[in-house]
Amino acid sequence: MIVVMKPGATAADIGAVIRKAETFGVQTHPIYGENRTVVALVGDLTGLTREVFDQMEGVSHTLRIQEPYKLASRTARPENSVIDVAGGRVRIGGSAVVVMAGPCSVEDRQQIIDIAYAVREAGATVLRGGAFKPRTSPYDFQGLGARGLEYLAEAREATGLPVITEVMREEQVALVAEYADILQIGARNMQNYGLLHAVGKQSKPVMLKRGISGTIRELLMCAEYIVSNGNYNVMLCERGIRTYETATRNTFDLNAVPVLKGQTHLPIVADPSHGTGLRELVPAMSRAALAAGADALILEVHPDPDTAVSDGRQSLTLEEFSALMKSLRRIAQAVDRTIWEPAGLLDAAGKGRTL
Amino acid sequence: MIVVMKPGATAADIGAVIRKAETFGVQTHPIYGENRTVVALVGDLTGLTREVFDQMEGVSHTLRIQEPYKLASRTARPENSVIDVAGGRVRIGGSAVVVMAGPCSVEDRQQIIDIAYAVREAGATVLRGGAFKPRTSPYDFQGLGARGLEYLAEAREATGLPVITEVMREEQVALVAEYADILQIGARNMQNYGLLHAVGKQSKPVMLKRGISGTIRELLMCAEYIVSNGNYNVMLCERGIRTYETATRNTFDLNAVPVLKGQTHLPIVADPSHGTGLRELVPAMSRAALAAGADALILEVHPDPDTAVSDGRQSLTLEEFSALMKSLRRIAQAVDRTIWEPAGLLDAAGKGRTL
Amino acid sequence: MIVVMKPGATAADIGAVIRKAETFGVQTHPIYGENRTVVALVGDLTGLTREVFDQMEGVSHTLRIQEPYKLASRTARPENSVIDVAGGRVRIGGSAVVVMAGPCSVEDRQQIIDIAYAVREAGATVLRGGAFKPRTSPYDFQGLGARGLEYLAEAREATGLPVITEVMREEQVALVAEYADILQIGARNMQNYGLLHAVGKQSKPVMLKRGISGTIRELLMCAEYIVSNGNYNVMLCERGIRTYETATRNTFDLNAVPVLKGQTHLPIVADPSHGTGLRELVPAMSRAALAAGADALILEVHPDPDTAVSDGRQSLTLEEFSALMKSLRRIAQAVDRTIWEPAGLLDAAGKGRTL
Amino acid sequence: MIVVMKPGATAADIGAVIRKAETFGVQTHPIYGENRTVVALVGDLTGLTREVFDQMEGVSHTLRIQEPYKLASRTARPENSVIDVAGGRVRIGGSAVVVMAGPCSVEDRQQIIDIAYAVREAGATVLRGGAFKPRTSPYDFQGLGARGLEYLAEAREATGLPVITEVMREEQVALVAEYADILQIGARNMQNYGLLHAVGKQSKPVMLKRGISGTIRELLMCAEYIVSNGNYNVMLCERGIRTYETATRNTFDLNAVPVLKGQTHLPIVADPSHGTGLRELVPAMSRAALAAGADALILEVHPDPDTAVSDGRQSLTLEEFSALMKSLRRIAQAVDRTIWEPAGLLDAAGKGRTL
């Protein structure tokens, strides 16, 4: 850390900063410039926040040199983490890209089973679907709840597809973890520390979505919350940020993919459905996400988006999804990757309708 | 609601929209323009979301005419709501402006009692202090928890000041409501619907903070969540939004004050401490907030900000706070308001050190 | 256009809106709802701005149905425009993707000629380089000016590569058009209407960059300024917008590519160098841009970025650029496109060092 | 400046940074930490940009200690600058707050003269009005041009009010300076360096508006462009920035007022009309701006906003403006300031209708 003194800081001010720093057991290096003095701090700064110095007499501001996330960083683990889902039936973070697909909300039992078969036939290997839904208006549909989880489990039984679904509250973690293969932390809960703590204390893989105004650095610190509680099976998901642009529902920030790949060993998922909010942009942005280096895609698919109870505007039809999968296989090849295909998945599951 | 058809929409497309609307029991008025047709929907649209039409064949987009919040709107209640705090010892939303002050975090028993006396002497009539703290890094101080609530209650006993403190999780609501006079919903939880539901089911007043990327419209819809559960004692708090500008920690969006005053009857609180994140800006922006029409201010004050465990950078010293109160009284007078002074509060409390 | 009346609007208010609209020769359709009345306007609304109604007594607000850009819209011209550069030596907007490359600034004569040869060998077919530079600080390097244009022309002579360079001021248009094959309008000048007018009155192709806070809709309206002055040879360039995220210099908004492809027939260029501001992100985001549907890329390349007088931080080395070109050819193939290769260019130019 | 090395930087990398810095004649202080080394640079860094080091081998990034603006900074001149307008008839930056008012556009001769009389009677001491208008759509009204300047001058003759109007292009500077008392640089031109250079070379006072996505730091650097060309009579104007919030046309960033007052000696103007874009918010935000410390306000006023050719939605009526002036006088008093009243202005002018 660097403590920058104000132009008029006195020797006493500088002395106070040095003594304060020494009480934390770190070494200090004052550097006297023509206009300003800075004090460099060296050693183990773990217990030392910038706020300790920020308001001392004569201090202008402080500059951070190291990042406050450790376990999630590439420095801590240079090679990519690969996460086993459902006992290894699907692996996320390796050279094969995983496509997760399904409806925004689980609407009824037959619907989710039918969609599961359909997305598997097109090439998806994880089934997505919301049982608990966070909705902006109190008058909107709020999800099927526990019943939705059961339907998801039935769809997995039928098709062999592992299931990802959102957990919204700390006290739901045990319940959702019983049914789901991947727990999703939604964008609104990126900084819900109680929830992060709870999913960090259990062992199912977690997909953490970037908050609508979360910085990439904050996303990494939230991942650190989970990992530091013992669960290393964390993947990070870019799903669009809020900017001034209104042509898209959010600004799908694809830059986050290569930035995150440089800073963390955790797998990166892209969600072009929420990222753009517009069905017609999803194919182009899915291809782009794959070309940018995403390890997985999560896509909303609905057989009849017009009648979807939520987010129909951004859901692909089954035909659109099937066509997209074909073009994704070509992009994967162009970046020396493959798509994780359902064939192997079915072998592992040992069940399900023949493709 | 207006459904705008695409230029090439067919008569069949338009017919489908009309029939769909009619299944919801609303009247339809198609208007055939030179380039486009629009269909206006009239009647009770409560059960009708825009998504119903957004993806129909031939539909370009839909336009909303009415707002999805009702109980919180000025239309529903033209006169200002005034909220009784602690049995009327303090009232928020009337012509007297209320100043809430105290430290970011409750640090220890003596600290919070001393600060309570000090801010009361300067003119504050509500004591703020965090017992549960949401912190960005897992390695930061997380608050004293239940013990902090007890210290706050002791400070209230001693000084007569009602207490506001944050509730972060649904299962904490009962506990916090037992100690606090106003429950604060923090910015990160603006859209934590489980929590909103829970505070709506109890009767203590609630201060709902705008999320760091929350729109004013979303803030009103979140207030609607609380109010529609039965608790009308809701005040809304502007505390800074995230923009590209980094000269301030957040962009304190004071425009929200007159916008909200126009759209809702609920009282509006301004938080210049978090809004700007910089102590030296707090006095100017506090005066500005009062001039813009805020019903209350919430301010961070610490006797020794250098040693504060959190947010020292934005806390006023007691001297700065005392000086600010003097200038706020002058601003209040200039806009035909007053400051709610501790004198009356003490009468009501019947206790505490003489001023 | 839809004029939405306030809940309490009187019959006289509605009548005034109708009569006002009729003075513009448009038809009116009032629709009386339970809570509100709206007045739909039908006919030729060209002369009618929303401001005409926005402040009338009893009017709440107005809603636009049609876009204010016409000539640039897909509706006006459903098929893609293809722009001939340098008499057709390069064509932008067709199935072959064009890569423009070169240094941020022209630094000296030999530098630009050497780079031109090098980027051509790697596969670029247009040479970029700034002669006039807009710099944020008055103490920074401002470009070589007219001498830089001459060096660019020499580099074209030597290599056959058409040249793109920025024109910053209206009175420079004639000069720059004399030397350049494509005139670039920089992000800061997106809404410099005098400049847009001037480039619209000449015939050289124009690349219009999106402003750092420009919406996609504004970008299209600025293109309309140029096109409506007679020059249809306009391509639009996404180069990053300003958001709260600081991990990248700008937020390269790749969503703009498919959005624009849907709304306009003009070719779309992507600039990942400025878009991200970070060299290490440029390859991934270049591949992503191509996968998202961009018709051309513009990239900063410098043989020794450490010594570049400007923007070295985002420039690729020649080796990195050459490697990137190889992977771009694979991506192009995966989306059924090709890269416009220098071979044909040289035939057309009839000159230049053998590849 | 601080050069931060990467964790794995070699001694040779560090040596290269030190030798590079020494070629610029600055002293270097390497500090060897446990994980990283940083090199502090001390001395005259004027010629040294961060880019020199940013891409050297082994360098992670650089940190700036001092600001790149000098003449405009508070450090260079601790006391407030006060700008004489029209030979001292009005002075901006002293304890008296100046109110500038008038229509968005000059529409015709009689209109501007009538408005000038009216705003003077209410208490304005500078007349605003646009002769050249930058409009977003090519099909909108573009202003009266030179004829508008003549009408403004006639209004000044009649009323004694100095005149502020926008100059949009470098080649208009001489013409506008001939007529206007204050040259306005609009938000779109904040970084139009040619224009900044031109207004810096003449002597009339300049009001520089913050760009819609300009940071406060960039605004100060643009002011430095003007000041460093010799014209110190520069005032800075906050007029709203672009954020995700759409309840207001822009987000009027009032925080900029105290931030700028801390960083520069130049006077600060607030423009609540453009800042909010909504007439009903202008009175509250004008009072707030004054309470936050603005030295002047610039307000759009129109006798009949319904018929205004531009920006009627944000213009006050004369009655609203007159009422606002009364409340501003009270706010000014509450912050120990006054309003610069037209009485003295008329003495100086020696002409004009009696108030």
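Residue numbering begins at 1 within each chain, and the chains themselves are lettered A, B, C and D in the order written.
By definition in this document, a residue touches a chain if its C-beta (ideal position, glycine included) is under 8 Å from a C-beta of that chain, and two chains touch if they have at least 3 such contacts.
What you see is a predicted model; the values in this text were computed from it and never measured.
Comparing the chain pairs B-C and B-D, the larger number of C-beta pairs in contact belongs to B-D.
The interface of C-D is repeated, with over half of its contact pairs matching by residue number, by A-B among A-D, A-C or A-B. On a Cα centroid basis, the chain most remote from chain A in this structure is D.
Averaged C-alpha coordinates put the centre of chain A at 28 Å from the centre of chain B.
One finds 41 Å separating the Cα centroids of chain B and chain C. Centre to centre, using the average C-alpha position, chain B and chain D are separated by 32 Å. Residue numbers of chain B whose C-beta contacts span two or more other chains: 213, 242-244, 246.
By the touch criterion given at the top, residues 46, 49, 51-52, 54-56, 68-69, 134-140, 142, 168-171, 188-189, 191-194, 211-213, 218, 221, 224-225, 228, 242, 279, 305-306, 308, 310-313 of chain C touch chain D in their complex. Residue ranges of chain B in contact with chain D, taken from their complex: 213, 215-217, 241, 243-248, 251-259, 261-262, 275-276, 280-281, 284-285, 287-293, 327, 330-331, 333-335.
Across the complex, chain A meets chain D through its residues 2, 4, 7, 29, 31-36, 38, 40, 42-44, 63, 65-66, 75, 242-244, 246.
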